[in-house]
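Both of the next two complexes hold chain A, though its partner changes from chain B to chain C.
And then the complex of A and B:
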């Protein structure tokens, strides 16, 4: 599950001459450059590691000059480029069930169709599969499936689940032990060099700086009007930090730039960018749980933006790292902090903890509504969402909405149906406002 | 070998079946969703804790060593009207969590003093979280089974998990876990394993003597019995089955895979049998067979022995990471070892672990030229005609051509 759109559905900010689009342009360049590097990795003698967004160990990989490939991102890109339907059909033809996660099928279909990545260039085959098993059971199956295709080693990092709502010293030790004795030696062997702990610490410090700025960006949504959309716009913001750039100077610069833009917008009392240009009026403030749909991403976004609904916080933008709860990578305790990072990703949190987090978002961001986009693909997110919905309504008094779609399977995006539901939901919020409900 | 109509091949159809009464009685035990056997155990063991657990596997011996009764919960099967459970799950989530909630809402799980949710998939995991929210006054815990099988990493973590839950149970009133009691529980578990292995062997070698549907009933009774009582029951059944009169018929020998969690209705298993299939091996009731082989019941550190059992001898199934072995190899070996001619994949609809695993297992079977077919079910499936036709066509094809083509 995750999130680095490099296609740009947001229109460039007309001719304001302001720097508000600089971060967007920069983000696109960075991710484009990464895919470019990947496309020539084999000729350049660079080694490639496939891994997942939640629980990624980017600083570690970067310190060893290894390039990460994140198959979820390839899948979502294929969704945005309208290729996923064909890839999924291909995988189903090969015997993959219609009932399972469509990210997996999209990835497998893409691989079977020639392995052409989002930039139209071939993706390099992996030299190692780093199975960071964090918060989603499907990850494990996914890499077992990939292992069948590629003749390369697999390293498993089992990240225990926060079933009881906390990280214990034993859980942390288990992860650190695996890092020290299994993951790092395997990566060193692949890289042909020893890990330089000083370099790792330096990278973790860079991560921390970028994380600080990202949190400020999230928190800007407490302002009225919110200068950001923390879901549809938010998936762009997380691109660099959730993918190949955490722990780099480029990421630090990007998040500085982004934060400055957002703060400027906030100072001018401006709303966020939308697919149709800057938002002019904030009518509803929403919290959204669940991943977006990628095949009709812009259509989905417009259902909200055209009604003046801004998403002030979302859980999906926390799948690759939950920084607004205070966690930061810590150069003083590199391996422990990598372990804590993995343990703390959103989907690794228990259902009660997820509910509490959403409740807090609804309160802290003064949301008028709370909506779930439940995706058929993803048991990790979806099982239990109906209880979350009831609980949030009960605890906050804020009405919940519920729509169903899928991540990358276009068959499960019923535009008219979803639009109807979103509109009725927003009308209900409007009626509530008229009645003066808080 | 003579050929008989499949329906005639059911040993239990004879009027003088020496095992019939016992099977009937045991069937009553597993159909009793109000857990009468557990009520009875609690009446006989005042203060004893009954601890429920979801499939597939939890390390039961440590609970028995603490004087608790572990109770395997498999949802509501095909006998439960889902009234409230459905409103908690979207249509694309399997059935077992909704019927399990239904049992809880209708107070049929009230006899349990706690519930454990092992880490077999995201649905069971999230159901554990829902339990915490819906029934905050009741004890529940998530049991994280390690996917790192190194004793000094995953093993230590797993030992910690067991100790953590043991400490919780002591707080609830169980007696503390001691080495001697755990050794005794491991010895009991070995006896059960021996009895179950005999049962499995019998249906492999003489499938007319014990049908899969019967072995299923006998094994599943272990859900609500102590290990000792279950072992005695299995052995009693073996003695009755030994008295059955041989009948010859010509069925296809198949292995069933994918049914390790949500259980198909018994009628579905019987439908497969009636379609000309002898199910000589399956992963129904996998929890009791999860550890292949015996524990060292004299181990100096019995807790680590329990841990090692899982790490080293845990069965290859979808919820367990296969690190170095070739995916599907264990299934191929199993098919060959039990002289099966084909495999039927029978998975609960929307069961991620089973359905994501299936293509890899199919590929391994294809490499070994073992025919296979696949079907999906819900625990409340009521129509079997399509399944009967599919399984019948499969068994005919295997019989005629040795393949499913």
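And then the complex of A and C:
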């Protein structure tokens, strides 16, 4: 359902070889190091926990010296590296249907093809599967498959749905109780040591610092022109914080660097970096809902960037935490804030809450349009999207658009069709602007 | 006269519409899309230019009628038919040359002579039957050269093949190879010369001097009228490869919405079903698109679906609708896949269902698919306009009316115009007119340059 790209930095145009991409270089190093660590985990005697991005309990794992592996990231990485098609075919041979979430099939296929991770390094097998977010039912099924394959324990944290649009004290307590009773003991057993609450608090404080800077980065898009692309560029920004690095000094340092770069760009009134170099003209400001397509990520991005469309806010980049909605990890209340984090996943919000959030983005970021990239095999996201679309149009008067693709199945990205729709949509925005002007 | 050109390059047909500077339609053309988009655009544009000249001719003939040749006013219709006949004969001539060329290039010689003689005989037969095709109302199943020539060739080849013991497939194979080249070649066909030949057919040999002079004068006027194309806009399925610069390419969604709104200004919802896509479009009171939905990943339920079904039943596309109207009941047919629907059709026939009843079911299934897109785009408001090739199908229109009433209540005005297939090109031309009025430079696509160079 969710993920983060940890990928090669967007290459700046030759003429702009400035320091503005330091953060991207740094990000790539961090991720590379992590996969390197993973590849020798077993030799180094480290224990490995597989877990998912939404509701991930990285600080907890880190405090117990456990190494996290995020299967969705491996899948999206495989998608970007054009490996996912073969992996999916492999999974389908095993009997997985065409309609199953393609992240799952990609992961299973990768596993069956030798377990070589996105950077070419072998991934360690899991010692434990930590399911800390149950809002995506597929996650549960996914780990069921992995459990069978690796014969290792699953620890499940049941996370109630925010049906009423808020986290009640009972919900929080329910999750905290599970953390205390099930999750922490299981992790301690695996780690062979007790959890040091002081260390956990220190890590949560580091998380908070990085989260503060990330929010500043998101909010920079309120500036005209926006110095960032909050979707295509944004997925790079969320890499460290949504994965293995939350609660580390490295992440704090990375987000400080990123924020400084973005603020510098903003001060110079510069637009975001695109696959073709820095954006020179901001013609459209968009809010996008839904995950991007990974197999044709750059093609998809260019459909927007080449038309001068910048994404000023996106829901997908909030899947690992709604920090701009005010949430922060809290060293004073460590378990409660971890519970709130799990409960606060974007897709754990009700349709009215998601609609309200998008409406706020459209207004706060002064968007010209609101577009949905719908992924049929991801019901956590796609169920109700058309209702959201109509409601946003009604409330804001901003025209909605709808395209469909897939996460990592290359067969479901019809470039000509999608480009046709995106262009039609942008031309419609143009025509509506002209109409407004007259 | 000055005009702007809008071209809609669809997956099945390519349409062109010319507007004068006041925004009035002065000509339009349509041709089958082919593997060469440049040629498809050029042919559609050429036909639209001819139509514009026929408008000039019509006026000139009215003038002649007022100056001593009263029957001149009635010549227009016949001249159009005879013109088309002359065009067809020229094209057949090219086809013949191409077939001869193909035969010459064959690496084996054994039955080349037999085949050559047979091919000539087949084409002679088509030529002989041509005049009837262009004089009787309803004699032509299509207006496209490829369709007409193919039908004639098949019939002739079948006859000769069984008579002389030549392989039918080999003869038809010659046609298949030759037509590709003939169709994708850009050939100059001067209007004046063709029209003069058409005029000669009209008057025959015994006509008096007064009539001959009147006709020559009118033809001269139509042929000499300067037509200056001052702006071009392209749209359609082939947009990615349209031979237009990017600035002159408009989204088909915007063009269809605007074209439909121009013809039916009350329109708020537009359904366009073309060869391979279905679009549900909502427009505001100025014809500006406010929302749209298109079919995605799969084109079942579009025009090609009907084309496939027509092929399965060995019928012409235009025969499907009228036949379906004869249904006594509606057989339920799936619409999720064209190929499955074909299999289902054969199965139903084998089970003894009437062809008409199955066809009624097929029409309903494609319209149900369209209704889903309409719902997703925001539903139906009064008025509703149906455009695209499929709107020429009377059963499609009827079923749509029923479904709109079922889902959105009675009393909604549904427009389906016989010219609805041109809405995209019309909208494109209107954007071209905007460009002219905004003082943006006119754009000359490469295919126009190529045509002018000839």
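Assume the second predicted complex is superposed on the first by the 428 of 438 C-alpha atoms of A that agree within 3 Å, B and C clash if a C-alpha of one lies under 4 Å from a C-alpha of the other, contacts with A are read in each partner's own complex, and residues count from 1 in each chain.
One rule holds for everything that comes next: contacts are C-beta pairs under 8 Å (C-beta built on N, C-alpha and C of every residue); 3 or more make two chains touch, one makes a residue touch a chain.
Source: prediction; values computed, not measured.
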item: Touched partner set for A:386, first chain B, second chain C, both or neither; value: both
item: Chain B versus chain C as contact partner of A:414, first or second or both or neither; value: second
item: Which of chain B and chain C A:404 touches, first, second, both or neither; value: both
item: Contacts of A:427 with chain B and chain C, given as first, second, both or neither; value: second
item: Touching partner for A:174 - first (chain B), second (chain C), both, neither; value: first
item: Which of chain B and chain C A:100 touches, first, second, both or neither; value: first
item: Residue contacts on chain A - larger count, chain B or chain C; value: B
item: Chain A positions touched by chain B in one structure and by chain C in the second; value: 386, 404
item: Chain A partner contacts - residues on chain B that touch it in the complex; value: 87-90, 92-93, 97, 117, 119-123, 125-130, 132-134, 141-142, 144, 146-148, 150, 152-154, 156-157, 160, 318-319, 321-323, 327, 349-353, 355-360, 362-363, 376
item: Parts of chain A lying in touch with chain C, wherever the complex brings them together; value: 386, 390, 393, 399-400, 402-404, 412, 414, 416-417, 419-421, 423-425, 427-428, 431-432, 434-435
item: Residues of chain A defined as touching chain B within the complex; value: 94-97, 99-101, 104, 131, 133, 136-138, 140-142, 144-145, 147-148, 154, 156, 158, 160-161, 163-164, 170-171, 173-174, 177-178, 181-182, 350-352, 354-355, 374, 376, 379-380, 382-387, 391, 404
item: Chain A-touching residues of chain C, taken from the complex the two chains share; value: 239-240, 250-254, 284, 286, 288-294, 296-297, 376, 378
